[in-house]
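For reference, chains read A, B, C, D, E and F in written order, and residue numbers begin at 1 within each chain.
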């Protein structure tokens, strides 16, 4: 049994509070067990040159740990780890939207980790997806864009493998001691949009990878349901099937 | 009447959630209307040289705005304004404790503003005071220090003067248009520990300053009561009178 | 009696050399006892956006300590202390001028401390005020602005309280050991434009604050006289009464 | 057919020049088509604290693009992309060695990209692996360590998928337009140690991922052979089978 | 006899590989014994203001040491030494071209030192000169400029004096122990364009300086010949006489 | 005739005020016409490793322009120009002292330019030399060192060549338009310790260089006399002949 009594393939309690903040067009407080992330959507005027020449918009993410979010106070909120993670979050979120449908917008998704107990990047992707769907809905309503750029739903999950056991949604203690560390983002069409894993301690064979991917597709339904509900309560209706 | 319907000398709804975070020795989520600050207490090993030579500890504050905490996204979480404010918070908090009673501790009070609608420095001081009282109580219990360094309670308040009317606890819109901007910290002994005001638009006469100080002492009771209650619910008993 | 033999409410020898430098539109070498500051006025093209939208100009200050200006060599000429001080100087100087009367100018007041023996911020404000009056006079003459933006004279003073004695214009040694540290800027109309005090060691009661403010108004006359004389010798006539 | 006439699953010409530099304990100039990377191994004294407490050494990588290595001059040799890549390289290289067998060494692998035409991270991992095997051999010979930390050989490869075709070792032009971008590191035991892929444009189904992994294991033999040969010519004998 | 068996006034083996890189308009790998520098020419849009007002272009150099280029790993690729050297390189290269003949171009010459065994600045000037001649030839051909800005050839050489012996082109070990360190740039008209020497250990008399200058003019012929040949092989014909 | 009416080989009015500042062990305000530099000597604890292993001390210089010291406000007090100059000043000053005679001291010479009208580096070297002689005398007196490290006097001068005329000690306007720019440091033994010249516009022939060097030796007497007098008035006797 796991540290916190969960089954191996059980998520921690997840909660997403939409429009938690007053100023940004959209924001979500994402809670997964003790992990708390505050994600918000803003727009910048400085659309990069490569976007302008291709005629599409862009989504980028920022990721920071508050100094008191970690077991010992963290003096460097921006380091190479946070840089890697912000790029993963950015790619995952971009994949869910058609950047040609918001050609004028440079979208910044700020991810501030209030408390880090494992799975922060995954929490940011799931919360950020909700916030972006909501933000684009608002842009549609106020006429800033003419078509909804949503392509499909995405769900991010993390796994570790420890003693040949696959553990879903590990807490920090499980994560730091694991042989293998895997983060995956799947979509509501049954495809993978981002996969990243590292097996410093014990390289993984294809069978385990295969099994984790299968579990991802299976468990993604829980996240999709939650996202749909949170958005519905926020007044945004989406369907989770591939047809959208 | 004010923007949000309050009386001129009425506080916004205030709330302090003690031990909001899992890792720091103490932390407080402070809410004053729409203003939300997350304050936490940590210790660093690097006690400054001047402390070592005098044989006392130190309290310092950090102050940052999350990018999405302001009406438009804030690209520079650390600037000269935040530097000024962290020094004011640090001085105010130090005044309430006897630094010779924690000669080995370099205490860092991290103040992260989740949402800024006026009064963020004041919210940080009030929340930070609660967190420090709680943290020193824990140090006392685990034997790290032998005497409680608490000297008295402190209460921080902000005021603006607009059209000769004194407004307590202004929101951002009231603050940005005011003639005069004043922040004051008073203690439970009826003395002032920090006072700072600026009258760029319309210099203030002594009578108004006098009146604001009187109001401060009067209104401080509400903050002291709240602090005592929050700490009591967290298992820490303090008395607010000068005898302590 | 004080370290340097002065009476408690006596200024150190003060001197302001107008147009000390060759290149800036105006500059002042300010000397108060051993404290020496070099203040100069320049203009930048980059008027901030908020000024443009409101149709007014701006005055900002920079404050730096030369490495050899302090008792031990100072390795960080820009730190949080200098950031706090530059903001105080900036606010104090802005209060004396009507920013709507120089709508195109972004004025930078560089304050470089050659030697720091207490009262540097005060010296910078007094010297900076003279330099700004002179600079705006030159802008008037060359037709860059059409009205004199001067609203009133300002005088900055510092005080400490030590063993219940109020000391005006303290030197560094008096300042570093004091219970209470106060800086005040008053104007020639008998009003306060900036007040900032800290009582880390021994909180202050209202009576002492009251008394210091009264002294400030009284002693400001000496500074106003000096400013008027220095400017007259530099060819600029101002009157120090509220009518201007 | 591909831009440069290769078959879909054909590597570009690869070359690794061992001990290219005079000063570092080991270095490799790695060439893959037009891509050129210069990788070298150094040691630092500052072993991180977490290593000391666990009693093991560490390998970390640095990754920089020379300004003239890219199609247009690159003004920011260190950015979030380079930070992400240096972490991927570091993890991949660490996986191949037992960090407990060099408990005193903090190993820095500098990766400087002289010319970037796709696959730079992969070239750095393959070149870095050779340099590290050689460096540890030298440490063994001079008695600095007592056991060879080598666990197995690793081979890094990159793939893109474009119009459902899998292309091995893409050049920059193929990479920038692809639907899917995948980097994989496999070892000589037939396991995966690092896998990272992004499918911003067109999410991937499990079948394609499966197929790419199979190809990786197949094609890794060519890289292993090359590594063994280069090292043999440099006087270091390794065997590429899992028994080692 | 010298460390590496050379005569006192003998160059190390020199080699310049023109167009070593694929992307920049021109580039040269310069080798002088163990010293290896990679120099490339790029253009930036941001022509400085002072150039625009005078109606001429500009050439500037950047100089960086790769971390592994020095006997012990170099953690600060940009420091005051590198800043001094980049300015010397920039001035030397500018002197050889008429900046009024490329009024729109801001030319950046990136100098990356792959291996530093003495004489890196000299190698960068010699390699940079070749690359610039080639680059301007290409600009002439594509019509970007209408006249060749080449004024004359330049040759850079370094010397040390040790025990009253003059050593040409010293290696690092000779350089670090020498009494006197001199770098000179002469042109094909028999004039000096840049001279810099330092005699910290043993000040130099005029006779030695005289003698070194004479040697410089004499030995410059070898460098001019090499430059002419390298450029000819690259398809660029120049003559080395003052008539050009 | 020159801009300011001087003869071609005439210095501007020079003045050196020894012990201008209160805190540093020694300091000099150096004035050469409108050029004003404030130079002071401090000690740091962090003697570099290479000094410790060779058993000698070190002298290093810092060079900064105050923002208002230049014709237009200077936003970057530290740039590549200032880095080059601080190295030249450091080498020149080190040459005059035997670093083995102060094996424990890391000497920092801060050079702050209050006003820049040409010749700032030269003014800093001349002022810094006086301050160092004075500082070492004080170290001798208080027993920190046992032998005077002074080797000889040094004099720094700058020249430009314009229309084949040699101008000594040029002001900024003469400097910025000149063909040739030369700085030289000679010692009281009739030798050169530092020479640096650039001839971007019009390369120099050996005859002119020869002539400038001769003038330097001749004119150095004036600087030596001034230095000896200033030091004598400060209570430090030195002789300017090579015997010392």
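Details
Heads up, the rule we're going with is that a contact is a pair of C-beta atoms (placed from the backbone, for glycine too) under 8 Å apart; a residue touches a chain by one contact, two chains touch by 3 or more.
Since we're looking at a predicted model, the values are computed, not measured.
In summary, the chains found to touch both chain B and chain F are C. Distance between Cα centroids is largest for the pairing of chain A with F. Judged by contacting C-beta pairs, the busier of the interfaces A-D and D-E is A-D.
The distance from the centre of chain A to the centre of chain B, with each centre set as the mean of the Cα atoms, comes to 35 Å. Centroids built from CA atoms put chain F at 52 Å from chain D.
In terms of their C-alpha centroids, the spacing between chain A and chain F amounts to 60 Å. For chain B, the set of residues that touch two or more other chains is empty. In terms of inter-chain touching, the protein chains here make up one closed cycle, each touching precisely two others. Listing every chain once round the ring, from chain D with chain E next, yields D, E, F, C, B, A.
Residue ranges on chain C touching chain F, taken from their complex, read 21-24, 27, 34, 38, 40, 42, 44, 62, 66-73, 108, 110, 112, 114-115, 117. Only residues 80-81, 83-84, 86-88, 91, 94-95, 152, 187, 189-201, 203-206, 209-210, 213 of chain C touch chain B when the two sit together in their complex.
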